[in-house]
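The letters A, B, C, D and E name the chains in turn, as written, and every chain counts its residues from 1.
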Amino acid sequence: MSLDANPEPMLQLTDLHAYYGKSHVLNGVNLEIMPGEVIALLGRNGVGRSTTAKAIMGEVVPVGSVRFKGQEIGGMANHRIARLGLGYVPESRDIFPTMTVRQNLMLGIKNMRRPGKWTIDQMLEMFPNLGRRADNAAGVLSGGEKQMLTMCRTLMGDPELIIIDEPTEGLAPLIVQQVGEMIAEIAKAGVSILLVEQKLSIALKIADRVYVMGHGEIVYGGTPADFATREDIRKEWLEV
Amino acid sequence: METLVFALLNGAIYGLLLFMLSSGLTLIFSMMGVLNFAHASFYMLGAYLAFTITEGTSFWIALFLAPVLVGGVGMLVERYGLRKVHAQGHVAELLFTFGLAYLIDELVKIFWGRTAVNYRVPEILDFPLFTLYGAQYPAYRIFILFVAAFMLVALWYLLKKTRAGLIIQAALSHPHMVGSLGHNVPLIFMTVFGAGCALAGLAGVIGGNYFVTDPAMAVQMGPIVFVVVVVGGLGSLEGAFIAAMLIGLLQTSAISINASLADIFGFIGLGADTELGEITIASMAPMLPFLLLVLILMIRPRGLMGDREV
Amino acid sequence: MTDMTASHAALEPSRSDKFRQRTVPLILFAVVLLVIPLFNPSRSMVTLLNHMGITIVFALSYNMLLGRAGLLSFGHAVYMGLGGYFAVHVMNWIAEGTGIWGSVPMFSMPAFGFGAGALAGAVIGWPSCRRAGTPFAMISLGVAELVAAAGFMFDSLFGGEMGISGDRMNGPELFGLSLGPVDEVYWFIAFWTFIGVLGTYAFTRTPLGKLSEATRDNPERVEFVGYSPQRVRYLVFIFAGAFAGMAGGMSAVQDEIFTPENLSLIPSGAILIATYVGGIRYFTGPIMGAIVMTYMGSNLSDYTAGWLLYLGLMFVCVVMFLPDGIAGIVYGTADTIRQGRAGEMWRTWMLRLMGLALVGAAIITIVEVAFRWSDGYGEVFEPFGLQLTVENPLTWVIGILSLVLGILALRRAAKGGGK
Amino acid sequence: DTLKMAFIDPLSGAMASSGEPAYQSFVLAAEHINADGGVNGDMIEILGLDNKISPKESLVQLQKAIDQGARYIIQGNGSSVASAIIDAVNKHNARNPGEEVLFFNYAAVTPEFTNEACSFWHFRFDAHTDMKMNGITDWIASREDIKKVYLIGQDYVHGEAVAHAAETQLAEKRPDIEIVGNELHPLAKVKDFTPYVQKIISSGADAVITGNWGQDMTLLVKAAADAGQEIPYLTFYGGSNGAVAALGEGAIDTLYQVSELAANMEDVSDEQNALVEEYKERFPDYDYYYHRAFVTLDMFDKAAEEAGSNDPIAVAHALEGMSVEGGYGAATMRAEDHQLQQPLYITTVAADVTYPVDNTNLGWRLVEGGVIPADAAETPTTCEMERPD
Amino acid sequence: MTLALELKDLRKSFGPAKIIQGVNLQIEKGERHAIIGPNGAGKSTLFNLISGRFFPSSGEVKLNGEVISGKRPFEINRMGLSRSFQVSNIFTNMTVRENVRCGVLYSMGYGMSFWRNIGNLKEVSQKTAQILDEVGLLDKANLPAASLPYADQRTLEIAITIAGGAEVILLDEPTAGMSHSETDRAVALIEKASQGKTLLIVEHDMGVVFGMADRISVLVYGEIIATGTPEEIRGDAKVREAYLGEDAQALEGVA
């Protein structure tokens, strides 16, 4: 995990600020992700983790620097960011309710002429729940199924870095395990992951490094092993 | 027999024109969810541009150029107007186009005057194709038939065979998400709107000389276009086609019926000299489409062929 | 228990707040209505005021649907028209004076309109209120066309193209008003406008009024707190129809005529525009919209042939840049001043005003020159003694330069306003 | 001083093409009178007020006009509007004695206005439906080859009046003629007249009579041309802007019009022809059509000067029985009912004329025997007028 | 004693998909009953069937002994059953207070009255204030609901549900997306609000479920595979296999 082994980070946030109207939500976030790395972003509710993700994707206006593969992407239209190889699974899931599961997946593909590593059928096979509902309108899926669908849809676009916001929310324990495995699987395929998560068990199991956020800035960064020893951080910033 | 044949022939042509006019709206309405009130104004614009181009060059150039120009105007409107309004929801979009209709109508009056222009059917199409029961059947109507068929096929391809339709529908519910998946939503919106307007423009090129090209043509065609789109069913091209033909035939054949309500409902005691009884079917023709609209929405809100509610 | 009442008190606006926010504006409104005649307005000014009063009630009734219940209607004029038609018929019965009609005062026409509007709402609302959204809008469009067409067919009810006329100088007088001259009609209109404003405002304060907002926001959830959204919509629709009918009754007395065209899409569209331009999110928005649009509709056409163009432009601009309408500007400015930020905002405001003036000047120049050019009267647009024609390069310099400068200024103002 | 006259008609919107040329005609007529020293020394100013063709809006504009000091109201487009104005003017004059206004109606032709519904405050400067129809039916009566006639019109007072007049007069003059159709279509709503024309063809009609105007006129004849129909269309308003253009060559000898003007008639004074040319030059979009505008103002000028005052009541009294020498024959205001009496002309379209219309090379030519002298056009009236003392 | 809620062989299919396949369930008055089960098992669908959002394909639902299946949601609500939604379903453009007030109105007997001033309805305002106080949203009462943070929106969702004072309350994943402290607060709130009432709750948070429920039913593929006390369920092998997974204990530790 030596940083100088690979001098160019995949994603680098430098002094990132963001606002909702007048409220200043992010006050200077610094964070970097190396290629192939899985990063967990922890923190209490409302500290601004989702906002960080949105600022990267251009859904809220980022002030400061957001560099992806060395290129400044702050202020870019989000489809261009996506085309650079960033994938995003939002907290709100945002499935397309009137379309079938299959059509949802198809929309994940950026370019029909250049399909990616994953095919729709593979996905449906990997998640039998989805496979059963492949031709149903996505709007009728159960909460958990929707979560799976969102993740699969993003993968269809072959991202190099994928930002996943609270993937296990509202999932049955068994499925939480499954999702954990899936994320590990994705990581194995060489995709970098920025995982915004509450459930420490999952986060610590998969992550290469852990960041903890508090009040709109990063208050801790380190390996899971180190983090395990930092009772103080957990007390102060994660209320466990 | 004679009446029937004529009703069919004329109804079909009127229906085809209605279809041409509404196909662009179907495209815009179903893909972007925008009830484009200015649609008929783009139709008018097409007719006027075609008139000007025809004056300078020829009808055949106008046939291609005018729709392209109208489409361009549509794209500009989308880029600098509609896009801004989009975030405020459908009502705002609709009102925007509502105001736009006023604007286009007035601009047309500035450039082309308040009275009809002399936009005529081109010489080579201006001959009677055949004579039936003493009435001539102009060749231009067959031309209309061909253009309509071409539009039907082109649109069908666009809607069914391209992924653009899917992307736009998705963007209706979650535009950000669609962008995050790597699709250039604004560009697609602009293109679709432009294409829809171009179709209206094409209808204008064809309909402007079949009817009359004057500043009132937009207002007159406006509401009926909505009837076609809604009755046909949202997003359904086939539906729009069927509805257009249905309305065309309905209206035309109603005109040829001389019977009054008293003749029809006489058996339940409706007198021929009562006010209700005096009304003839022919005089009810213009309100039939709206009757159809209300009935359809009440009985089958999805329209004839629609796959979702309006 | 004590802290309960304490928190309760904190939650509800205090008595004085209520008085300040609700009663005072109404009193002010009444005072304005009372004071206007002191300025001795000309007869056409009174006529204009009367029309404003009618449009205010009409717009408020429309906003019960659009702003409050979220129902976009393209056919609201149907209810005003039917209410008005009924009132005109009543006026004619009064003129005949047979039976009970001889003792009905002309002053009560809006009440008849109210009843007829409610009845029309009850009949037509039944099929149309089952759905909200686009189906509702489209049904209203179809209904409007149908009713207007019927208006041209049933001459005995609607009088055909010519409409039906009445004479307001019949029946017993009330409050010593013969209702002959327009300034007497003014008091009639003022009275009923006040009733209309009071009535529509009171409606927003009722459980049904609140539920209509809830139904707009989330019809599904309404079902799970014990209400049928259809029923809520239907009832609101009846009330909206009733107040529209009341406006119709006012108009029947003021104009003494109703024509089928009063039922058509054109007045329906006009009230939609007026209400929206005024601001549908505020109760007072429609009032402002009604005043401005009535004024423009009746006076602008005297000054320029391009009034429809200006109207369209203004409307499009409101939709694009001021979704909260005139009321949005008014309350926004008032807030700024109240928060004592007028000082920091004044530069932005000046910039904005300057930008607007420049853009306005550019548009007016171009439009006026264009209209004169297309009219072919050979007239010349001569602001401040300048001879602006299409050939004159000065025209284009003024037009384009001030347009560009104006837009630049507006952009800056927008940036300055954002921080 | 200025003498304000309010011109209330559509000056914007779909019907502006009917109101505009009339407005221009009145403006030009006023200029001529002003150049001649005005009316009792006062200069006429025509206030153009836009009523958007709505009866209700017209009343608002009427009120405004009166407020601005106009005591003379001019209107013509649409009998429904005229009816509302007559009613309002009557009420106004009753409610505001001393501020009376007069209404000069230059085109609304429903006969009632100078019959049952006649009013002292209303003067009509156009021949009404029955009079015009007299011309048409006389012409038909002389054409032995016409056996079947089809009536088509707009579904409102004017259209109904035309149909009624045609039926009664034909029954009287040519009882052998069969009326094979009597159709009223909605006003200004029909976009394609083909089905109607088809009906006319199937009926085997030899001639069509119509009171249509504006777009309904244009589209009707256009559909007829498309179907290759070549029977005469006898119209009131074939001169509606654009109708000749729509028909093109097909208009020749099929489109007929009865009106008070025959621009290409032989013995027209040079003065009148100069006026026609002047008009076209000033307003290239339109053609000289509203001859009545000039007659109206001439007669008004003369009456005011005879009365020695511009006061409406005095003028009204002076107008009764007044006559002027118009460009196409003398015109007299009948005192009984305030209906102008003047010669009418039946014209049809021809090429090679001095004054073509619609920017084509076609124009209106007098048909043979198409002159209807004023006394022949005259019809009796049932008017029982109440006059103020 | 009649049952608060009784489901008899309840079934629901959407086209060919059989989502609920014969559910029988009896819930006594005053009971706190939890339903757990994997995603897509049909828990929310079951709620929809009970509350009238969907009509059952067959079978019967009884509320206090009366058949309610086939009735419209608002009728069922009026009979004393209220529910919350898995995805917050609030009146976004209204203030928090107005949201709660909408929940209160019907139960106070103000159907759709249009002759009363809502501001003068003392009991309504008091009840509204009381509920806001209970759920801890009093200080946010005059904010637009849309501007609330997520957790507060969830709380508001619960507040609207309990506002009408229904005897039977259905909560669909009330704590989803809440943090631990928020979850604890919500649990306390639910316990208080459901005092003496019947509660049916769907949750994935096992801490909540096992801490609160008197009895638990496990729904898998539209069928109830087990019903019992928390202890019985924890020990049930079938349940472990279908739902909790091997590390049930570990998960609980985190929860």
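In this section, a contact is a pair of C-beta atoms (placed from the backbone, for glycine too) under 8 Å apart; a residue touches a chain by one contact, two chains touch by 3 or more.
Since we're looking at a predicted model, the values are computed, not measured.
Taken together, chain C and chain E share no touching chain.
Common partners of chain A and chain C, by the touch rule above, are B, E.
Comparing the centres of all chains, each the average of its CA atoms, the largest separation from chain E belongs to D. Counting C-beta pairs in contact across C-D and across B-C gives the higher total for B-C.
Centre-to-centre separation of chain D and chain E, using mean CA positions: 76 Å. Averaged Cα coordinates give chain B a centre that lies 36 Å from the centre of chain D. One simple way to say how far apart two chains are is to compare their mean CA positions; for chain A and chain E this gives 31 Å.
Multi-chain contact residues, meaning those touching two or more other chains, occur in chain D at positions 155, 186, 285. By the contact rule set out at the top, the touching chain pairs are A-B, A-E, B-C, B-D, C-D, C-E. Within the complex, the chain B residues that touch chain C are 35, 81, 84-85, 88, 90-92, 94-96, 98-103, 105-107, 109-111, 113, 223, 226-227, 230, 275-276, 279, 283-284, 286-287, 290-291, 293-294, 297-298, 301, 309-310.
By the touch criterion stated above, chain A contacts chain B in their complex at residues 57, 59, 77-83, 87-88, 90, 94, 96-99, 103, 106-108, 110, 112, 153-154, 157. The touching residues of chain C, when paired with chain D in their complex, are 42-45, 47, 51, 149, 152, 160-163, 165, 167, 169, 180-182, 255-259, 261-262, 298, 301-302, 305, 307-308, 376-378. Against chain B, in their complex, chain C makes its touches with residues 66, 72, 127, 130-131, 133-135, 137-139, 141-143, 145-146, 149-150, 153-156, 265, 269, 272-273, 276, 306, 308-309, 311-313, 315-316, 319-320, 323, 370-371, 373-374.
Residues 2-3, 6-7, 10, 14, 113-116, 118, 120, 128, 131, 133-136, 138, 211-212, 214-216, 219-221, 252, 255-256, 282-283, 285-286 of chain B are the ones that touch chain D when the two sit in their complex.
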